[in-house]
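Going in written order, the chains are labelled A, B, C and D, and every chain counts its residues from 1.
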């Protein structure tokens, strides 16, 4: 039940090497996570308004190949429970034309309330069944 | 002999949570690495023009706390040799006002020529003594 | 025969005011122009590789309202010839849910060759009939 | 009494043409405006927290030349009163090495309260004397 989001490289995302800048993949991953959450009833922006902040605490990213101008790709999101308060997202960026893996990542997050204390909303909690 | 680059948060780097967006740290780290390289005679942009591309192959980032609007900070860069063709950068983002660690990262890179084959320019090679 | 590109706000594009940052509209407009050009046989990235650079020389942007997290929108592109060497793009950003105008813009560009001299490729030229 | 902010191009701000992407100048201008405001006792981020939003309503940007990797530059900010509720910023981006004008811009803004109604804080008002 992996979530998939189809996207396309935008020229302004490419740097002077003529490829998508490494930092942009972080944006791709974030956007895909938020779309995954939204589809499952969790609205990142609305939570932030209510002072409940989902935050990334660790990112591991293995860059396998580089997306280029014009490339279509999709981002996969697979939730995985790591502990009572930590949840993970296994994420992959895959080039559409040949299904080639471009990026393999594990993003680990947690959730805090207004006071910065751990607080996991129930709708987030239930998405990450061990 | 750790290299340090002093920077300041720019408001447009902050997201709807009111803090620096996670992806922006990737930019901070890249900019600090390139300044470190430049100070040591390695010009990333000029190398790219000559079709020699320094590329990131893995990033590990531990987010400890969040930079906010107005914060001054510095980025540390410490080179570390990982293998014949792989070089690493231990990087930390530290808030200036209280020397608090905001991000602890290890960025692993390699270098490829026009054909995508491994090729380590001598000026890069000598920066990463085991 | 206005070209339209459908997009959706990404949370990382929003700033600390909780709305899409003004600078991001510039990205939206650029991406829409490049998609318009691509559909008409002009590949911005390939031209850049051949050292023919399409460049923006003036931008006029009227911000009418602000896109928010979750908003779907589309970007319109309407080419307009301004002179022998200058071409314009009338562009509008429109929120999908209510067809509300968010941004009204005129982007003026020209084209230069490797030496920085004016040079308009024929495939660009024919897109901008007076 | 023009305010000046010294900056340096960061490689990730450059696009596949090998020059600073047009949209990035918008970021430079915004950052310089906010630093100007801060030096004059107006904190954009704090105002946003208090639901008073300074917003851009029009931008006119004339691109004269392109900043490249390694370039140092400064951004000028000169406030100008346009009407009771509209204030302007004349802004220029100038390359340091030869004082060459890269960008000439006029940014027009206003200020709104929580309800989206015009509201000009006194500390903003007094910065823009006709």
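In the analysis below, a contact is a pair of C-beta atoms (placed from the backbone, for glycine too) under 8 Å apart; a residue touches a chain by one contact, two chains touch by 3 or more.
Just so you know, these numbers come straight off a predicted model, no measurement behind them.
Peer 1: With chain centres defined as mean CA positions, report which chain is farthest from chain A.
Peer 2: D
Peer 1: Any idea whether B-C or B-D has more C-beta pairs in contact?
Peer 2: Top pair by contacting C-beta pairs is B-D.
Peer 1: Please decide if copies chain C and chain D contact each other with the same set of residue positions, more than half shared, or with different positions, and reply same or different.
Peer 2: same
Peer 1: Quick one: report the Å distance separating chain C from chain D, using the average Cα coordinate of each chain.
Peer 2: Taking the average C-alpha coordinate of chain C and of chain D, the gap between them is 21 Å.
Peer 1: Could you put a whole-Å number on the gap between the CA centroids of chain B and chain C?
Peer 2: 32
Peer 1: Centre to centre, by mean C-alpha position, how many angstrom separate chain B and chain D?
Peer 2: Going by mean C-alpha positions, chain B sits 27 Å from chain D.
Peer 1: Tell me, which residues of chain D touch at least two other chains?
Peer 2: Expected reply: 11-12, 14, 16, 18, 21, 23, 27, 30, 45, 69.
Peer 1: Under the stated contact criterion, what part of chain C meets chain A in this complex?
Peer 2: For chain C paired with chain A, touching residues are 10-12, 14, 18, 27, 30-31, 34, 38, 43-45, 48-49, 68-70.
Peer 1: Quick check on the complex: what are the chain C residues that touch chain D?
Peer 2: 16-17, 21-24, 26-27, 30, 45, 48, 53, 55-63, 66
Peer 1: Tell me, which parts of chain B touch chain C in their complex?
Peer 2: Within the complex, chain B contacts chain C at residues 11-12, 14-16, 18, 21, 23, 69.
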